[in-house]
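Below is a structure I'd like to ask you about.
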Amino acid sequence: MIEQFGNGLLLGIIISVASVALSLLYGVTRIVNFAHGEIIALGAIMTLFFSNPIDSKILFLDRFAPLGMNFSISILIAILICGIFGGLLEIFLFRPLRKSEVGNIAVLVVTIGLSIFFRHLYLLFATGRVQNFPLELERRQTYLFFDMTPRNFQVLIAGLIVMIFIGLFLSYTKIGKAMRAVRDSNELANVSGINSDNIILFTWIASSMLAGLAGIFQAIINDVRYNMGFLILLLIFAGTVLGGIGTSFGAMVGGLLIGIFVQVSVALPFMEGHTEAKNAVALAIMILILLFRPQGIFGQKERIS
Amino acid sequence: MLKVHNLRKRFGGVKAVDIDDISFEQNQLTSIIGPNGAGKTTFFDLISGFTEGDEGKVFLNEKNITNSQPFSIARQGMVRTFQLTKVFDRMTVIENMMFSGSNTKNDSLFRSLMKLSTQKNNENLIREKAFEIMKDLNIDHMADSYARELSGGQKKLLELGRSIINDPKILLLDEPLAGVNPKLAEEILSIIQKLSDQGITIIMVEHNIEAVMKISERVIVLAEGSVIADGNPEKVRKDPKVIEAYLGSGNE
Amino acid sequence: MTIFLTAGSIYLVFILNEEGPLRILFNLLTFAGIYGLAAIGLNVHFGLTGLLNFGHASFMGVGAYVTLLLIPHAAGREGEITDTGLTFFPALVIGIIAAALFGLLLGLPAIRLRGDYLAIVTIAAAEIFRLLVRDLESVTGGVYGIINFSESLQIYKPEFLINFSERFELNSSQMWVGLLSWISIFIVLILLRRLINSPWGRALRAVREDEDAVRALGKNAIWLKLQSFMLGAGIAGLAGVFLAFNYGSLQTTTFVPLLTFYIWAIMILGGVGSLTGPIFGSIIFWVIISETDRLAQLIFENANGQQLAGVRFILVGLLIMLLMIFRPSGLLGKKEELLLDVKSS
């Protein structure tokens, strides 16, 4: 049980970071982004591409060699690329759609097309193989009550620091406050002197960088796959919904809870021999939440409707 | 006929509606006025079942309809319209009317699939009635146009026509004159007057004070969710609280 | 225009395939019939009623699993044989009803939710269904699936079809499934046309236009939406059964979300809300899909299965995006009937 709890924290931190990213974007733009998972995968795949040793010609059409760069620098570059990717999506796709007043539902369908498109682009370029970052294997150690490798522990700490950083950012910076204002006003008025287009652009970039980071976490803890983002997308939705759609704090906690719940549920007696179905439980919780407390556990009632 | 008791509703920290007791008499034309944000539309939402109140009870003909579903309230004879007209844009005018005139039995999946002849007869009756009403409202020439092609005033008329096709006992009209040109407003007013004469109880929210004073038998003034004046137009017009509420809020 | 595009794409099959175009064409038409049928069901949900259903694959899955488990079959790792059971048609009817009831089950709670929430709930529910089917190996065969069930349907295969297939070297079993799916499309469309022009259809359109107004006029919008959910789910269930018989075996992997997205692409291609749109959309879609393999061969020498799938889905994704952006009324739909400006709240 305790061991599963540790695993749950790790899965939770991944979902949590990704949920905050999704929630920020939804809050400001009202876009339910089904392509969120593909940005997550982009972070991991780019890190792999930059950091894998040159002689391991396993990535990219089986033709191009990876770049063999320092791992930390690779992570930074990958996150930057995710940010640029998000920015480009906003400038060349979602901004024009917004200007021509395409309805939310049509935009939702567009993000599904986008998701399918990029996921299979990754399949072509990164192949369908399960790959790992060029990191040494580590032995598990005990931290407080949990057994996990030092690297995974670092991921957990890094994730928590990122959360605190986001919280401070939204509370104290001008653009963070502006993002919250746009989110709460439900309409894209020009708030506090900052152009709403710029706020949205910034949100896309920030959300995508966070998503990329979540993907890198996911790859460090588990592995890299072309569809790794899509596989946890519904859990991310669950985390976002659980905490209350559009609330950043809620998404953080909701994500953590979903991660813990998924992993701990494996240890429950009635789940014995049914580990495959663990995600089903989390999804069922999400549906129940949507039905009986659509504002989530932290959202206020007024925000929905 | 319609009684409201201790009706309260808050949004966040803001008091939207706070009414102790009002009852509406049969066959009376009542208007509800008040500054913006006085809770007039919320009051309609509460009594028509579109919003759940925090506390309080609503009785229609002695029957408790508090928190009933909107459709069930409508079936009991109290039909409402909306401030922003809600016609079915991509349906024709006659379809709008006939949808409203039809009932669940007539709409049933089974009957529709079997094309029963009783349904066909029903449809003919509904169509006749729809045309009768559309003639009265002077929109019968638009019968086969899509509702979105109508002017703002014609949409108001269509909405009104749709509401009366089932012979309601009480009609809740939310700003029936909003955005309508003066000539058409005159026409709508006389239609409302006529409906009232036919014995329909009418409760109307309206910003056009002149119109309200002209046709209402009773005027209720809301401010910050509470009733501050209630009586015949003459009495309300002279009420100091009313004058203050309007001047104080800087509206109208 | 519609007919022209469809005929053109079929003609393309003949140009591009020198060897055995007929075989490819009939294979493609079978898939087009099955997916077209499913898209008609989806169109009842989205086109007619405005319900954002992203769990269509699960309705197809329920229909398929229930029907197959009722007829003689073999399931699971050991291929455990169940040789008693219903004949095909009663089982099919129960399968369709089961799919419709699953639609009701999913619809009951989901129907209260706003558009984008409904999308999330339906896709999540479909995933729950798939995970549970995979998990309940003792009943559903789990990841090993169900096999040896085709006979129940193939015994009804008419003589002329066998002769026809032999002459042109076609797979007669597949031809039979294909024929049945197109007959089903024909019947379903006749019934739907009748319904759309009826008071029921009128009420459904009113729900799509403005639910609040419907409720204010004394109509139970929720019940109407549930009926629509059940009708569309039942049609999807029928399509799911044909899909299983076309494959000859039933796997849980068939009912992944991508299946739902395929159906969406077909519906949008054919024109949302258009009655016959899905069938033309489906034919064109499958021509595109089957000819992309050729494209993949151009990019990669000796493309492997993954690369073929990759190119295929890249195209599907692109198709969905571009259509939504530039022709939301569908390639074949009329602009006046554009239904996608559904209010965003």
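Letters A, B and C mark the chains as written, and numbering starts fresh at 1 in each.
Quick note on the criterion: contacts are C-beta pairs under 8 Å (C-beta built on N, C-alpha and C of every residue); 3 or more make two chains touch, one makes a residue touch a chain.
The shown structure was predicted, so the numbers you read here are calculated from the model rather than taken from an experiment.
With centres defined by CA atoms only, which chain is the most remote from chain A?
Taking each chain's C-alpha mean as its centre, the farthest from chain A is B.
Report the most central chain, judged by the distance from each chain's C-alpha mean to the global C-alpha mean.
The most central chain, going by mean C-alpha position, is C.
When B-C is set beside A-C, which has more C-beta pairs in contact?
A-C
Measure off the straight-line distance from the CA centroid of chain A to the CA centroid of chain B, and report it in whole Å.
48
Using mean C-alpha positions as chain centres, tell me how far chain B is from chain C in Å, no decimals.
Roughly 44 Å, centre to centre.
How many Å are there between the centre of chain A and the centre of chain C, using C-alpha atoms for each centre?
About 31 Å separates the centre of chain A from that of chain C.
Multi-chain contacts only, two chains or more: what residues does chain B have there?
none
Please output the residues of chain C touching chain A within their complex, sorted ascending.
52, 54, 109-110, 112-113, 115-117, 119-121, 123-125, 127-128, 131-132, 134-135, 258, 261, 264, 268, 306-307, 309-314, 316-322, 324-325, 328, 340-344
For the complex, which residues does chain C have touching chain B?
Of all residues in chain C, those touching chain B are 191, 194-195, 198-203, 205-206, 209-210, 212-221, 224, 227, 231, 339.
In the complex, go through chain A and note every residue touching chain C.
It comes out as residues 30, 32, 97, 102-106, 108-110, 112-121, 123-124, 127-128, 234, 237-238, 241, 274, 276-277, 279-280, 283-284, 286-287, 290-291, 294.
Inside the complex, what are the residues of chain B that reach chain C?
Counting only chain B, the residues touching chain C are 48, 50, 69-72, 74-75, 79-82, 86-91, 95-96, 98-100, 102, 104, 106-109, 111-113, 115, 119, 123, 162-163, 166.
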